[in-house]
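Per-chain residue numbering starts at 1, and chain names A, B, C and D are given in the order in which the chains are listed.
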Amino acid sequence: MIDVVYFAWVRERIGLPRERIETEAATVADLVEELRGREERYAAAFADTSALRVALDQELSEFDADLAGVREVAFFPPMTGG
Amino acid sequence: MIDVVYFAWVRERIGLPRERIETEAATVADLVEELRGREERYAAAFADTSALRVALDQELSEFDADLAGVREVAFFPPMTGG
Amino acid sequence: MKISVQEGPFDAGAELDAFSHGRHEVGAIVSFTGIVRDRAGGLVRMEIEHYPGMTEKAIAEIAEQAKARWQLADLLVIHRHGALPLGQPIMMVATAAAHRRAAFDAAEYLMDYLKSRAPFWKKEVTRTGEHWVEATPEDEDALSRW
Amino acid sequence: MKISVQEGPFDAGAELDAFSHGRHEVGAIVSFTGIVRDRAGGLVRMEIEHYPGMTEKAIAEIAEQAKARWQLADLLVIHRHGALPLGQPIMMVATAAAHRRAAFDAAEYLMDYLKSRAPFWKKEVTRTGEHWVEATPEDEDALSRW
């Protein structure tokens, strides 16, 4: 079980801010592949991962990173603070 | 007749902030030469003009500048504002 | 070191005064205030979303790096989230250092990193619609200075 | 554009608030405050001499150049003279621009030029004596950036 959270237009496209997912995915990329296969709104949100950023347990990470031991995965567009 | 004003340690060495001088000096350098010849305190203040700056009618200038038409000459060390 | 991620407004002048008060060891204080601006025309408000938990951690990390690198006597970061009307302060940083160059550089560093590495997202709501502000290549390029 | 050469104190926070108030056209405001610092130890006060008349003209010229070069919406320069105790603000600049880079660069430019081209001289009065602060080669080198 892993918590997956979404922000900004990723959240809007998928239609929810957070969900708990039962997954066997080994890496972030595997998880993205799995989510893409679920429904059209996921496919739309994850169409181009180069436009996305990922954080694992609230630390910026990469799409090829391992999910072992991770409790929270976050997907969002590049930040625009400041 | 020309007004000559002094600031910071130039003022302190010469011992006065401002004086009116009757001079035939054509350039700032000529004026400095004339002042140096007056008294020891002027010689001390103008010993090294590379350590000094000059302004003519309140605009930064150079020691080889012409004094024609100038009403006020100011001598001071490099600025240290800010 | 004060770091605040908050929904409510703040008073930049009062923050600057509190930050500067009683400093005998520093010669230079720099502040930056970011304000909601009408970039395209017709802006009604700005909405700022963030990632509670990660935001505070990311800012603390950026702040610690700036503090160590420029030997800052102190620094301040305030960043708002939620709905902000035109002309309102979005965020503020302040730095205190012995010399002006360190204070300026550290403040610019904080801004560059907050912009691209702290999890905030801005949405502009205009009279004709709404859209997410996009990060620009310049935002990312700014980091290469450091 | 506010330029003030004054003997009395000023409140940097109140100045920043007044400067920032009601701005809808700018996204970025940068301020710098210079504070009397005890560099060597034993400082009693700082005395700042200036050249009345030339000071105002020199600052106005520097300010106009910064305003034009970075298309500033506004700027502020306050510089004190006379005797200033430890910890007191000596001077302040503020800049308002559409983007943060312009606001930062213009503020640094103002500081670099005020330091070496506006006719102010600082004397440090310490418990053991007094001496004029000397300009450093770095002060002059700073101008070559622009």
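We take it that a contact is a pair of C-beta atoms (placed from the backbone, for glycine too) under 8 Å apart; a residue touches a chain by one contact, two chains touch by 3 or more.
Quick caveat: nothing in here was measured; it's all calculated off a predicted structure.
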Can you give me the shortest step count from chain B to chain D, moving only between touching chains?
1
Touching chain A and chain C alike: which chains?
none
Could you work out which chain's C-alpha centre is the most distant one from the centre of chain C?
B
State, to the nearest whole Å, the distance from the C-alpha centre of chain A to the C-alpha centre of chain B.
72
Averaging over Cα atoms per chain, report the distance between chain A and chain D in Å.
48
Distance between the centres, which are taken as Cα means, of chain D and chain C, whole angstrom
23
Can you list every residue of chain B that touches 2 or more other chains, as numbers and ranges?
82
Identify all positions of chain C at which a residue touches two or more other chains, and write them in rising order.
34, 100, 111
Which pairs of chains touch each other?
A-C, B-D, C-D
Over in the complex, which chain C residues touch chain A? Could you list them?
34, 48-51, 53-54, 57-58, 79, 90-91, 111, 114-123, 132-135, 139-140
The answer for chain C against chain D in the complex is residues 11-18, 20, 22-39, 86-87, 89, 98, 100-101, 103-104, 107-108, 111, 142
Complex contacts: residues of chain B adjacent to chain D
5, 7-9, 11, 55, 58-60, 74, 76-82
